[in-house]
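All remarks here apply to the structure that follows.
When the chains are written out, they are named A, B, C, D and E in that same order, and each has its own residue count from 1.
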Amino acid sequence: MIPVLLLFIPLVAGILGFFIKEQKAASNWAIVASVVTLLTAVIGIYAMPASMHQFEASWLPSIGASFSVALDGMSKMLVLLTAISMPLIFIATRNNNYSKPGVFYALMLLAQSGLMGVFISMDALLFYFFWELALIPVYFLSSIWGGEKRIAVTFKFFIYTFVGSLLMLVGILYVYIHTKDHSFAWSSFTNTDLLSGQETLPFFLFFIAFAIKMPIFPLHTWQPDAYEQAPTATTMVLSGVMVKMGLFAAIRWVLPLFPMATKTFAMPIVILSVIGMIYASLIAIKQDDIKRLIAYSSIAHIGLMAAAIFAGGTLGLQGVQVQMFNHGINVIGLWILANAIESTLGTRKLSELGGLATKAPTMAILFVVLAFANIALPLTNAFIGEFLLFNGLFQFNIWIAAAAGVSIILGAIYTLQMVQKVFFGELSAVTANATEINSYSKWVLIVIVIAVIALGVYPQPLIDLTKDSVNALLVIK
Amino acid sequence: MNAIIVSALLGVVMMFSGIFTTNKTIIKNIATVGVLVLLAANLMEMNNLFSFDINTHDLIVTQRYGLFFNCIAFGATFIYLVLSASDITEVGVNAAEYFALIFFVLCGVAILSSFNGLLMLFIGVEILSIPLYILTGSDKRNLKSNEASLKYFLMGSFSTGVMLMGIALMYGATGNFGMVHSSGLRGAIIAAQQPPYLLVAGVILLFASMSFKVSAAPFHFWTPDVYDGAPSVFTSFMSTIVKAAGMLAFIRVFENLFTVLGPTWHIIVDFAIVSTLLIGNITAVFQQSVKRMLAYSSIAQAGFMLFALYANNTEIAKEGMLLYAAAYSLATISIFAVLIKLQDYSLDGFNGLAKKEPVLAFAATVSLLSLSGIPLTAGFFAKYYVLAGALQAGGALWLIIVAVLLAAVSVYYYFRVIQAMYFKEGDPQTLPISGGFKAALIAVAAFIVILGIWPSALLSWLYF
Amino acid sequence: MSKLVYLVPLFPLLGFLVNGLFRKSLSKSMIGIIGSGAMLASFVVSLLIFFDVKNGGGATVQLFNFIHVGSLIIPFEFLVDPLSSLFLLIITGIGFLIHLYSTAYMHEEEPMHFGRYFAYLNLFVFSMLLLVLGGNYVVMFIGWEGVGLCSYLLIGFWFKNNNYNAAAKKAFIMNRIGDLGFLLAVFWLIVKLGTVSYASVFAAVSQLSATDITIITTLLFVGAMGKSAQIPLYTWLPDAMAGPTPVSALIHAATMVTAGIYMIARSNILYTMAPATQTLVAIVGLSTAIFAATIALKQNDIKKVLAYSTVSQLGYMFLGLGVGAYTGAVFHVMTHAFFKALLFLGAGSVIHAMHHEQDITKMGGLKSKLPITHLTFLLGCIAIAGVPPFSGFFSKDEILMAAYATNPIFYYLGMGGALLTAFYMFRLYSLTFLGNFRGTAHQQEHLHESPIAMTLPLMVLAFFAVVAGFVGIPELFAPNAHALEHFLAPVFAGSTAIAHAHHIEHSTEWILMGTATTIILIVIVYAITKFKKYETAEPNTGIATILENKWYIDELYDTVIVNPLHWFAGFLKNTIEKYVIDGAVNGVGKLVGYGSRQFRLVQSGQVGSYILMMVMALVLFIIIWFNDNTIMRFIHKIF
Amino acid sequence: MPIQYYIYLCLALFSIGIVGVLTRRNAIIVFMCIELMLNAVNLLLVAFSKVHNTAALAGDKTSMIGIEAQLFVFFIMVVAAAEVSVGLAIIVMMYRNVHSVDINFLNRLKN
Amino acid sequence: MSITQFLFYFLTVLALFSAVMVVVSKNPVHSVLWLIAVFFAISGHYILLNAQFLAIVNLIVYAGAIMVLFLFVIMLMNLNASAEPQKNNWLKLAGVIAGGCFLMVLVSLVKQANELNNIAVTMGTGEIGLIKNLGKALFNDFVVPFEISSVLFLSAMVGAVVIGKKA
C-alpha cells in the first residue's frame, strides 16, 4: 500500500495544485504535499511491515500487464531521495517567484509522482509509462519558466530522451514477446530464455535509452543546455533525481535481463563512460557559467557510476546505489547555491564574480563544504560512494580505474577553480552589493550539509538499505 | 445489417429534413440524434436484441469485430457532430445535404466493416468515396476546395480503375470474388499451392488502390492537397472515421490472403510502411500550416496502422487496430475542432492560445500528445498494440525501430503546436466559443486519458 | 589508557566545531583559549598514552564499521602503538605550541577570521591525528586527504589575495595527484587481500606476489611524494608559504609533510619486501634533498629558504626510509619537527617585527633588537646544520650512516647536501641577524621583540632542538643507548627480521663523522663571514640565475602539463563538444529538416505527376514481387 | 481464342487509358480515359467469366458459375454512371469558377 | 480463320485504334466520338462472348447516356482544340513510358503464367449472359448489393445537387 500512496499523494496534490493562483499559497501547498510524501515514505519504509511494501492490481490482463509496484532496497533508497529532495527544493526556492505559481508547483509534484512510479514499478509497461510521465511535466516546466533559449533547448532535450525511450519501448516489446508467460512482470522479464545472440539487440535498445538519460558520453549534449536553461528548481529535480532514473533503470532492467550481453559489452561501455568522465571534467575546467560547470561535473560523476554498473561486482554496484543518493543531495545543494548566486546577483558567470566570501560568509562555507563533497573528500558522503565505485572499477580493470582516477584530479581543479572565482579574491562590480543567502536556502543547505557529513562518517544505513537488491542482482548474474 | 440500413435511412431522413426546415439548429440536432439512433441500432445487433434478418448470400457477414468497429466509428461521429456540427452548417447553404452525405458515408463504413467479397468491397468503397468528393468540394466558391475536389475525384476514380483491374485479375486466377474461408479466394489460393501470377498481379493492384484509400505511400499524394483544400470540418471527418474504415477494409481484405502469399508480401508491406512513415513524418516537419501538417501527420498515422495489416490476424493487432481507430479519431477530431475555431491555420495562429483559451489549448495538447503516442494518452496504447502485434507476428525488429524513430520525429512537429500555444506570445483570433463546446472538448480529452490508462475499458467490450 | 585514544582527536574536533560555529559570538581571547586548550588537552592525553605504550600498553580501538559491503569490512579503528604514540606527541605538542604562538601572531585579524583560523588549525590537527591514529589505510586516507583540505584552507586563509588562492589550489591538486596513487594502492590491497587493516595486511603479506608488493609500495610512495613534497610533486610546498607563518611551521614543517614518512614507516614490511621500491625511494629522496638544497642557496624570501630546506630535509628522511633506516627516518622527523618549527616560528617572529617584510636582503642586524628570537633561531640553525651534539646531528647521522652501509655514493651525495644545508642556513642567519640593518627607517623604529606568547614556544622548541637528539644516541657512543630504537622496535620488528643488517665498522663511522663535522663547521664559518658584510643585492649570473628561478621547474610544468591541458580542454569545449558531438546531434535534426524541404517538392500539386508516380510505384511493386530472390538478398545485405 | 489474347487486349486498353490520364490536361478527357480503363476491366471480367463458365460446364451442364462476373460488370457500370454524374458536376463547378478545365490550372495546393 | 476469329481481330484492332485516338485527339468532341467507337467495339466483344445483356447495356448506358452527358458538358463549355495548352513534352514522354512499362510488366507476367496455357475462350456458346439468368441471379443472390447501389445513386444525386445548385 505504501508505494501506491507515494504515487498518489503527489499526483493528487499536483492535480489540485493547478487551481491555486497565489504564489505563497501554491508554495505552501507544494511544501505540505511533499512533506506528507516524505513522512509517508519514511514511516512506510522504516515503520511498516514488508507486506505493506508491495501492491499488485490487475491492469491489462489480456496482455499480461499489471499495476505492480514494490519497494525493495534500491527503490526504497531512490524513493527516499525523491521524497527528501522535493521539500528541500521547494523550501530552498521559496523566494523565487513564478508566473502562474499554481501550475508550476503542480507540475513539479506531477514530476515527483512520475519519478516515484519509475522507481517502484515492477512491471515493464508500467515502468515505461512512468518513465515518460516524469518527462512531460519537466518539459513544460522548462519550456515555460526556463531561460532565454528555453524552448529550443528543452525541445532538444525532450526529443533526445524521447528517442531513447521509444527504443526502450521496442526493447520491452522484444523481451515481452520472448517471455515464457507473455507478461510484463519484472520476474517474467528476468526469466526469459534469450540466447546470447538474441540479447544484443534488446540490450542496446534498453541501453541507449538509459545512456541518454544518464547521460553517457557522447549522448550527453542535451544535458548542459537543459540544466542551464531550466528554472533552477527544475534543474534540481533533473540532476538530483531524474538522471538517477537512467542509472536505476540500468541496474533494475538491463543487468538482470541481459546478463550475457552485459558481460560482452561491459568493456566498451565502461571505456566510453570513463572517456566521458575525463572529457566532461576537462570541459568543466573551461566553463565560465556555474550551471554549466555543475552540469559537466554531474556528467563526470554519472559517468563513474555508469562505468561501475557495467563493471559489476558487489563493491561497484553497492557504490552506485549509495552514490545515487549521495550525488542526488549534493548536487541539489550545489544548485541551490547556484540559484542563490543567480537570484541575488543576476549572473552566473564566474568571470564576473569574486570575493563573495567577504559579503556572504555563510554561503561561502556551505558552498565550500558542498564543493568538497563534490570532489569526494573523505568524511563527506560522496567519498564512500566513489571509494566503492572506484573499487568496483578497479576490480574490473586496473588501467581503466587508473584512467578514471584522473578525473579525481580534474574534479579538484574545476571545483576549486569555481570556489575560488566565486568566493575568493577581491570583490567585483557585481558582487560589491551582494547579500547573504536567504534563510530558506540557508536552512535547507544546512540540512544537506549535515546529511553530507553524517552519511560521510556513518554511511552504513544507506549501505544496509540497498544491500538486498545488490545481493539479488549478484544472484541473478 | 442494422447499421447499413439505418444509416441509409437516416441519410434519406436528412435529405428530407432539408426540405421541411431551414433551421440549421434543428437539422443539426436531428443529425446528432440520428447518429445516436444509429449507434443504438448497431448496439442492438451487437447484443442480439434486434436485427434485420436478410439473406445476404454471404455477401455481407456481420461479426462482432466489425460491429464493434462500427460502434467506434459511430461514437466518433457522434463526438464529431457534437463538436463540429454547427461548423458543418456554416460551410454552405446545403446543411441538410451535408449531413445526408455524412450518413451515406457511414453506410459505406458499415459495409466496409462487414463485407464478404470483393464486390461488396468495391461498392462499399464507392459509397464511402463519392460523398467525400462532394463534401470536399462543398465550399464551392473557394478555389482550394474546388481544386481539392477535382484532384480527389480524378485520382479516386483512377484508383477505382486500378482496383477493378486488380479484382478482375484476381477473379481470372481464381474464379471467385468471395472471401468465405474455404471456398473463396483463400481456398483457391491454397489449392494452387504456388500463388498464380495473375492473382499476384491482381493483389498488387488491389493493394495499391487500398493504399490509396488509406493514404499509404507511395499512393498518398492526394492526401495533403485534399485535406488541405477541403473545408476543415470535412477534413476532420475524412481523415478520421473514413480513413479508419478504409484501413479496416484493407485489413479485412488481406488478413486471409497474407499468410498464404509467401514472404515477398512483407517486402511490399515493409516498403509501404517505411515510405509512409518516412514521407508522412518527414514532410510534416516543415509545414507552416497546421492543417496541412495534420494532413501529413495523418499519412504518418496511417503508416502505423499499416502495422496492424503487417501483423495480420494476431489478436493483439486486431485489438490494436480498433484502439488505434478510436484513439486517432478522437484526437484528430478534437484537434480539428479547435483548429476550426481559429481564424489562422498557420502555426503562428496558435501563438498564445493557452493564455486566451486555456481549455482549447489543453484539449489540443492532450490530443497532440495522444497523436505523438505519449503514455497516459490513448495514442500510446494504440501504437503499442499495433507494434506488439507486428512483433508477435514475427516482424522484423528494424522495421519497428524505424517506426519509433520516425515517431520521435513526429513529436517534433506535434510539439511545435504545443510550443506555440503555451510558450509563445500572441493574440489568436477565434470564432465565438460556447461553453458546451468547451465541456465537450474536456470530455474528449478525459476520454483520451482514460483510454490511455485503461485501454481495456474499450477493448473488453470486444469479448462480451 | 590507550582505550581512550579517541579523546585525542576529539578535543581538536570540538575545538573546531566550537570555534567554527560560534566564531561570531566569541571574543578573540576565548577563541584562543578554546583552540589552544583543546590542543593542550589532547597533548596531555597523548602524553598519558605515550607512557602507557612505553610500559607495554597499546591497543586497537574499533569505533564502528565505517564501510561494510559484502565481505569487505573497513572499520573506523584507531591503532595505538609506539609509532603512532610518538607521532601523537609530536603533533599535539608542537601543535599546542604553535596554537599558543598563533594567539599572538594572528592577533591583528578580525575576530571572525581569528575564529576561522583557529577552527582550521584545530581541524588540521584533527585530520593529522586521524592520519596517524588510523588502524587501516582507509582511515589513514581520510586523515591524508583531510590534511590536504586544511592545508588548502590555511594557505588560502587570506582569500582576498588571488595568488594565495592559486597557491592553495596548487597545494591541493598536487596532493590529489599523490592521493590518487595512494587510493590505487588501497584498491590493490582490497583486490588482493580483501582487507586494509594494518594488522591483517601485514600478517597476510606473504600472500602477495613480489610484483604486487612492488606496485603497491610504488603507488603508496606516489602518495607520499605528493604529501611530503618529493620530486616531482614538490612545487606546492614553497608556494604554500602564502599561508600565515605558524601554519607553515605546523603544516609544512612539523606535521603534514611528514605524513609520507609516517605512512612508509608504518608500511615498513611492505617496503622491506620490495627492494626495487626502496631503491626508488632512496633515489627520489636523495635527489630531492640535493635539488631543493641547491634552490635554497639563492632564495631571498626567509620562508622560501626554510621551505626548500624542508623539502630537502624530507628528502633525507626518504633516503633513510629507502635504505631501511626506518628508525632513523622517524628520528629525523622528530628532530626536524622541533628545529624546523623553531625556525619557522622564529622567522614568523622576525616577519612580525619587520611588519610583514620577508625579503632577507632587506633585513640584517636584528641580533640586538630581537635577542630571544636571534638566539633560538641560531640554535635552530646549528641543529639543522648537523653540528654535534645538537639534535640534527644525531638523526641525520643515523640516516647517512645507513645510506653509507647500503651504498657509499648515497652517503657522499647526502653529505654534499648536508653541506649545502649548512651553507644556506647560515647565509639566512647572517643576512637576517648579522651585519647592518637594510630595511626602511619606519621598520627600524618599530623593531621590537615579540610578546611572550610567541617567544615562549620558541624557547621550548629551542630546548628540544638542542636536546632531542639524545633519545637516539648511536651505538658508537654508548651501546644500547638508542632509546628511540628500542621504543620503536616492535613496529619495525618484521622488517628487521627480513632485512640484511648492514653494519659498518666503528672506525669507518668515526672517520666519516669526524670529517663531516669538520667540513660542516668550515662551511658555517665561511657562510657567516661571507654574508656578514652583505650590503646590496647583486644580480645573479649563470647558474645562480637558474637556481634563483628554482631551475625553472614551475615554468616547465606550465609548458609541459598545465598549458597543454588547458588548451586541450578548450579544444574539447569549443570544437569537439560544439561542432563534433553536438554538431552530430543537431545534424540529425538538420537532416530531417533538409529531407522535409526536399520531400515537399515531390508534392508538386499536379495531378499528372501524382498519378505518374503512382503508376511507377505499381510497376516497381510488380518488379519487386517477381524478382523477390534478388531483392531479398539485397535487403538482407543492407539490414 | 486463347485467354491471353483477351488479357493482352484489356491490358492494352487499360494502359492506353493510363497514358491518356498521364498525358492529357483537359479534365474531361482525363475522365474519359478513366472510363476507358473501366471498360477494359469490364471486358476482362466478361472474358474471365466465360473461361470459368466453360470450365465449370465440363462438370455440370447447368452451371451458372461465371455469372457473378457479369453482374460485377453490371455494378461497375452502375457505379461508373454515378461517378460520372458527380465528376461532371465537379468539373462544371470548376469551370464556373475559373473558366477552364485544365487540371493544372489549379495548383494552389502543393508542397 | 473462322468468322469469329476474324471478328475478334477486327474488333480488337478497332478498339485499340479508337482508344489511341481518344488519347491523341486534339478536339475533345473527337475524343468523345472515338470513345464511343471503343464502346461499340467492346460491345462487339461482349456479343462474341455471349454476354448479350451486357453488350446492350454497354451501348445504352455508356455510349448512349454517359457519353451524351460528356458531349453536353463539352458543348456547354464550348471547349475546342486550342483550349488545351501544350503540355510539357517531357511529362508526356514520361507518361507514355510509364504506361508502357505498366503494360510491359503485366504482359510479361501473363506470358510467364503457365496456368493460363491451354485455356481458351470458347465463343458463341453458354447461357450465363442471358437476361433471364442474369435477372435471376441479380434478384436472388445479388439483391443486397443491388439495393445498396441505391444508396450510391442517392448520394450521387445529392452530390450533384449540392455541387450544381447555385450557391
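Just so it is clear, a residue touches a chain if its C-beta (ideal position, glycine included) is under 8 Å from a C-beta of that chain, and two chains touch if they have at least 3 such contacts.
Every value quoted in this text rests on a predicted model; they were computed, and no experiment measured them.
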item	value
Touching both subunit C and subunit D (chains)	B, E
Pair sharing more residue contacts (C-beta pairs) when B-E is set against C-E	B-E
Central chain (by mean CA position)	A
Intercentroid distance (Cα basis), subunit E paired with subunit D, Å	5
Centre-of-Cα separation between subunit C and subunit A, whole angstrom	36
Centre-to-centre distance between subunit B and subunit A (centres being mean Cα positions), rounded to whole Å	42
Rounded Å distance between subunit B and subunit C, as computed from the means of their C-alpha atoms	77
In subunit D, residues with contacts to at least two other chains	3, 7, 14, 17-18, 21-23, 25, 30-31, 47, 51, 55, 66, 68, 71, 75, 79, 82-83, 86, 89-91, 93, 103, 107-110
Subunit B residues counted as touching two or more neighbouring chains	119, 123, 126, 130, 133-134, 137, 140-141, 150-151, 154, 158, 197-198, 200-201, 224-225, 412
Of all residues in subunit C, the ones touching two or more other chains	589, 600, 603, 605, 607-608, 611-612, 615, 618, 622, 626
Every chain pair meeting the contact rule	A-B, A-C, B-C, B-D, B-E, C-D, C-E, D-E
Residues of subunit A defined as touching subunit C within the complex	156, 160, 218, 220-222, 279, 282-283, 285-287, 314-315, 318, 355, 357-358, 361, 372, 377-379, 383-384, 387-388, 390-391, 394-395, 398, 401-402, 405-406, 408-409, 412-413, 416-417, 420, 423-426, 458-460, 463, 467
Residues on subunit D engaged by subunit B in the complex (per definition of touch)	3, 7, 10, 14, 17, 21, 27, 30-31, 34, 37-38, 40-41, 44-45, 47-48, 51-52, 55, 65-66, 68-69, 71-72, 75-76, 79, 82-83, 86-87, 89-91, 93-94, 97-98, 103, 106-110
For the subunit D and subunit C complex, residues of the former touching the latter	18, 21-23, 25, 30, 103-104, 107-111
Complex contacts: residues of subunit B adjacent to subunit D	119, 122-123, 126, 130, 133-134, 137, 140-141, 143-144, 146-151, 153-154, 157-158, 160-161, 164-165, 167-169, 171-172, 175, 177, 198, 224-226, 228-229
Contact footprint of subunit B on subunit E as seen in their complex	106, 109-110, 112-113, 115-116, 140-142, 144-145, 148-152, 154-156, 158-159, 161-163, 165, 167
